[in-house]
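Note that chain A is present in both complexes that follow, paired respectively with chain B and with chain C.
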Partner chain A sequence: MATQSSVGEKNKAGQTITDPWQMMHDAERTPCFFTGSEVIKEALRRANCDIMIAYPITPQSEAAALAGELFAEGFIGDYFRGESEFAVMSQCAGAAFGGARVFTTTAGPGTMRAMENFPMWAGARLPIQMIVTCRGINSPLSIQPDTLEISYLLNTGMLVWHAETAQDFYDWILKGYMVSEEPDVHLPLALCCDGFFVTHTKDMVSLTPADMCLPPYDPYRSPVPCMDMECPPVRMMRDPFIMKSNYISYATHASWQQEVWAAVERSRKHTVRWLDGLIEVENPGAEILLVSSGTAVSQGREAKVLLEEEGIDVGIVKIKSLRPWPGEEIREATKNAKHIIVPEFNVTGWMAREIKATIPNSERVYAGPRVCGGMTLPPEIIAADIKTLLGIKNKALAGRGS
Partner chain B sequence: MSTSYQVLRGPEHFLPPAAASMGIRLPDPGQGHIHGKIVSEEEAMEAAARQFLSAKVPTIFPGPLVLWAWNEKAAHKATAVRHLYETLKASVTSTQQAMLIPMPDYRPKYPKINPEVEINPNHPNLTIWHNKIDACMFVGVHCHQANLSLKIIRGGTDCYTIAMCAQAGHEDAMLSFRDATAEKIMRLADWVKKLKGSVEPPK
Partner chain C sequence: MSLERIKIAPEMYEIMPPEYQDLVKNATYGNENRGWKDIGTSKELIEEHSLCAGCPESMAFRYILASLPAPEDTVMVGSTGCTSLVFPHVGIHNIHSLFGNQNAIATGLKRALTVRFPGRIKDVVVLAGDGATVDIGLDMTLQAWFRQEKFTTICFDNELYANTGGQESGLMQKGFVAKMAPVGKTFEKVRLPEIARESGCHYVVNCTVSKPNLIEKVIKNAIHIAREIGPTYLQLYTPCILEIGKNSMEGLQEMRDSEKPTERFAYREYISDQAKELLTEMAAKEKERKAEAKRQLASVKA
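Let's turn to the complex of A and B:
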């Protein structure tokens, strides 16, 4: 994690470098009415970030443009636009190799275009933070929310968190650096939210004081050497352990990959500490549980209220971290559930598949309701599916059904 | 997560798992671990000293973080590592051979490593096999490269591995310390001295 030795000093922008735990838990908070994009800017203002590189992703989120304002105000060390998302993510790698705290943001097709970089970041142990304001990735083009792109990130070796609200987003951007920069973790973090729903809508968010910031990143605690002329990462690529075809070079690669996933595992204890658990459970004794992440959880909460009005008891499991995956926590939370409902904003139902692979008696999982392509997921639809599952007759909620 | 997995002397497997993936957790400050079990740092000190004294070829592998005087702390640690080596050398019997083999950098060594003069994280087994090393300690090696090595060693050799880590420790070693300082390394040397003559040497 960041060095503590500078606590109490001022950074270049005149902010006081503050103990992160104290800043996030004890400092007085001010309620503000902001869009998700503005919240990204406000978190970044307090993150003591060395560099922000982005390809403009407006209209999905204004975050990249707002970060430019922060640079002009002196809160970010350097800021520039890459010529494409692939270029941006490569430039982020260069900055992180050099020992900088790096921030970027992307969405949808941009995430997909840059994909080659993400396992490279993880393999090189670069603790870059990337905001992913999820949107559709397929053709025909969509700028509307859709979480399919998250599923592509799950096996990159990055940490992947999924924020539900703007408040999550604000807190987790700052906490994210604290987890991903731990020397036993030191991995990139993809902090995802459902674009549009979170980025474009305004919500009340409690902000930490603007004159406080995180301690700077300490590259000397990195588990790999910083880039220098003696041991540059390019040399690791060029020198022939990847060029050799023999048992030992394969074994080195295998051990390297295992180490990346070991680091994901090690992040578990830090994530539990900073996020107060990998999941959040509401009404754990209920026989019907809604289990999901992001704004699907918010819609689930509304459905819960509707169902309770009809005397149907429902619990909620909010999954905060997708990597590390909270397998044990989900098994424990769902052990008494008879029906596990997994609402999602994507066409494939990757979350339901993950949950099915995690729990015993996976026939309890109802993989839906699902929407995609920017459709909303009305709570009435979730409630109706649950009632159908329970054998309760429903009125049709869409189309011309009876 | 409860686990029955133990980090034991190899050869373990064609491709042994990362201990973290098997549920082994790193120690907290003031603790160490032995075979994946969390113990007090003192217990780990004594166990490490016993491993050194009962090995035929106890070896220290200092890495770039202590080999180069890039700051004052590194220079102090290097002095402590040298002291530990000298203490070890003076504490073993004539049938044992204490060694100090550096890991000066992490670049793969091709066409051929000289295992008598160095060890490399990409093929550490070659140095261990060549010198018949049966107990070793990593110190001053970057954590990623140390774990890379420790898994390869566990997979293909029967060498007992100890990690003196300046950060959070290494669950892939059979015995690990964390938050290593020059003082901590000196304390391990004190334990070696204290146990000299009380540990049965190898036959």
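Let's turn to the complex of A and C:
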């Protein structure tokens, strides 16, 4: 089957199809002051996307509606509002089965409502990109920032990345397609950010030229047949495995699950190349390391400044990719650390558990500070916890009684 | 599909499985006149199946597949249930993803194929059981119709959950005693054909699969109308002989009994005005095509 090599040609919107590496690394960038939602729109404008399917839920509604404007302007092949997140994720699956490049956005309860779809996406090897603008999923009703939903995505077989800034978001939406559409990967990507903190705040973001776009998705590079009757129909099996309770059936299901996770592993080399590593380390020699993902890292950076003013040396490890998980990188980055502080925006501390399961001498991990339910995570709290850990007396913080 | 794609490269011919060789040589892809009468004289698009002996669903599958107007450019969407035991054997692309999301899958699929193949026919046909269509998937069934998605929805109505062992479903008759309806179902059979009409379907038929020529007609009508105008819905009685206490020879009689004028599967159809116009046009074209063929035959003889 011929693949589509179209660099240099124009797409339907009149953009020049550009080599993705050149577009992301060499093309001139323009600084803009945008909200995260606007950044999602601008990345999607350059993604040569076939179909975007939307559903309103805070805090992603604005981005999903802005994507509709792109459709009206001719930058997306088709766009519509589905009837629920479960339906939307199935509609995304249908479109991806049919060979389209697919984009969608969701948040919090929407992610949970759609959950049954995600292992199906991974098992069917559909390279859909889903933006997750994380928010609370607890009852009573909450719309505030909270990253608990990410933990539910970690075992779906999807790639899961966690953006810290709007700039991450912009670059990773475009780079995400390049990783997830690789034939040896071909998996969906959940590109997460912390709702409101990233979506509803303005930041300086450097954009690639608007007249350049990614090459179109080529569904015939997929490791499984595209369901468009443009390749021969094959009889899939003589006896459907669903009806069999025997070793061959179990082995078939087991080997396919293993293959999905092997594909997650194979994405590692592409992710390292496109994201310049799965983690970023600042001040690697420090005995105290703040390790986390998303805007918890941003708050950690502020805490680092506060602590440095008091002569306390702190390093930062920013985890960019959660699946594939940067186990080796984290072990290397933390090998000399005496204290590993893991600030998080969720009640259970799933990130701290992941890190504890990764490194030797996990008693070095301090699982906190954690906030949830929409609370902010002031750098002063992080700094205070570190000082307490070091046996240094803190000045009183409002409401902390210390 | 371009018919070329199905062909086997000569160098590979010998190593292909015999059933695929048979499919390439003797199936009816690309034949405009294909229909139920091809059964027995050509290769069917269903290789075999693991349904119960005598299951009317297997008859329905064979008639439907024989009647698709363009199988070489058709993609089917199934759901969880007895149909998912058959789809793996079917010689056209088909998707199973989850239980009940078939009309959502078909929505995305149809739109993707429309974006990717502008100006070309790519039919999408949903085929699912009554649990998938009316119970767990009702929201997505209806919403696809509200949005006027251009594909056909076929419901194999066996009036219960067959594959899980005969539990109550929304399309079960009131009073029927079943698993999960231990004192009999307490509410009426859901009137989905009427709901389909009110939800925007342009062609709705409620019938049994006892008559293959009738199934051929309604399948062709439904697919052509969906292709040109909007959603269509067929509710076909395919009784689960196992769960209603019949033996394998009694499926056909059960359907005949249930399609009598006063029974719940008496033939009923709804056709929108727009769809009527299309069917009239198609009939006129077909008449002209046959007349032209006759004229050509006469001129050859002369």
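Keep in mind that, in the parts below, the second predicted complex is superposed on the first by the 380 of 402 C-alpha atoms of A that agree within 3 Å, B and C clash if a C-alpha of one lies under 4 Å from a C-alpha of the other, contacts with A are read in each partner's own complex, and residues count from 1 in each chain.
Everything that follows uses one rule, which is that a contact is a pair of C-beta atoms (placed from the backbone, for glycine too) under 8 Å apart; a residue touches a chain by one contact, two chains touch by 3 or more.
Values in this document were obtained by computation on a predicted structure and should not be read as measured data.
When both complexes are overlaid on chain A, the residue A:A262 reaches chain B alone and has no touch with chain C.
Once the two complexes are overlaid on the shared chain, A:I53 sits against chain C while remaining clear of chain B. Looking at the shared chain after the overlay, A:K356 reaches neither chain B nor chain C. Once the two complexes are laid over each other on the shared chain, residue contacts for A:H200 go to neither chain B nor chain C. Applying the stated contact rule after C-alpha superposition, one finds that A:P225 touches each of chain B and chain C. Once chain A of one complex is fitted onto chain A of the other, the partner contacts of A:D78 are limited to chain C, with no touch recorded for chain B. Of the two partner chains placed around the shared chain by superposition, neither chain B nor chain C is touched by A:K387. Legend: residue contacts after superposition of the two complexes on their common chain; A:A96 is shown touching chain C, with no touch to chain B. Chain A has more of its residues touched by C than by the other of chain B and chain C. In the superposition on chain A, A:F86 contacts chain C only, with no contact to chain B.
Overlap of the chain B and chain C interfaces on chain A comprises residues 225, 230-231, 235-236, 239-240. The touching residues of chain B, counted against chain A in their complex, run 1, 15, 17-21, 25-26, 64, 105-108, 110, 121-123, 125-126, 142-145, 147-148, 151-152, 155-156, 167-169, 171-172. The part of chain A that touches chain B in the complex is made up of residues 125, 182-184, 186, 221-225, 230-231, 235-236, 239-241, 244, 248-249, 251-252, 254-256, 258-259, 261-263, 265-266, 269, 328. Interface residues of chain A facing chain C in the complex, by the touch rule stated above, are 50-51, 53, 77-78, 80, 82-84, 86-88, 90-100, 102, 116-117, 120, 124, 225, 227-240, 242-243. In the complex of the two chains, the chain C residues touching chain A come out as 1-2, 5-6, 17, 19-20, 47-48, 50, 72-75, 77, 84-85, 88-95, 97-98, 101, 104-117, 122, 139-140, 143, 147.
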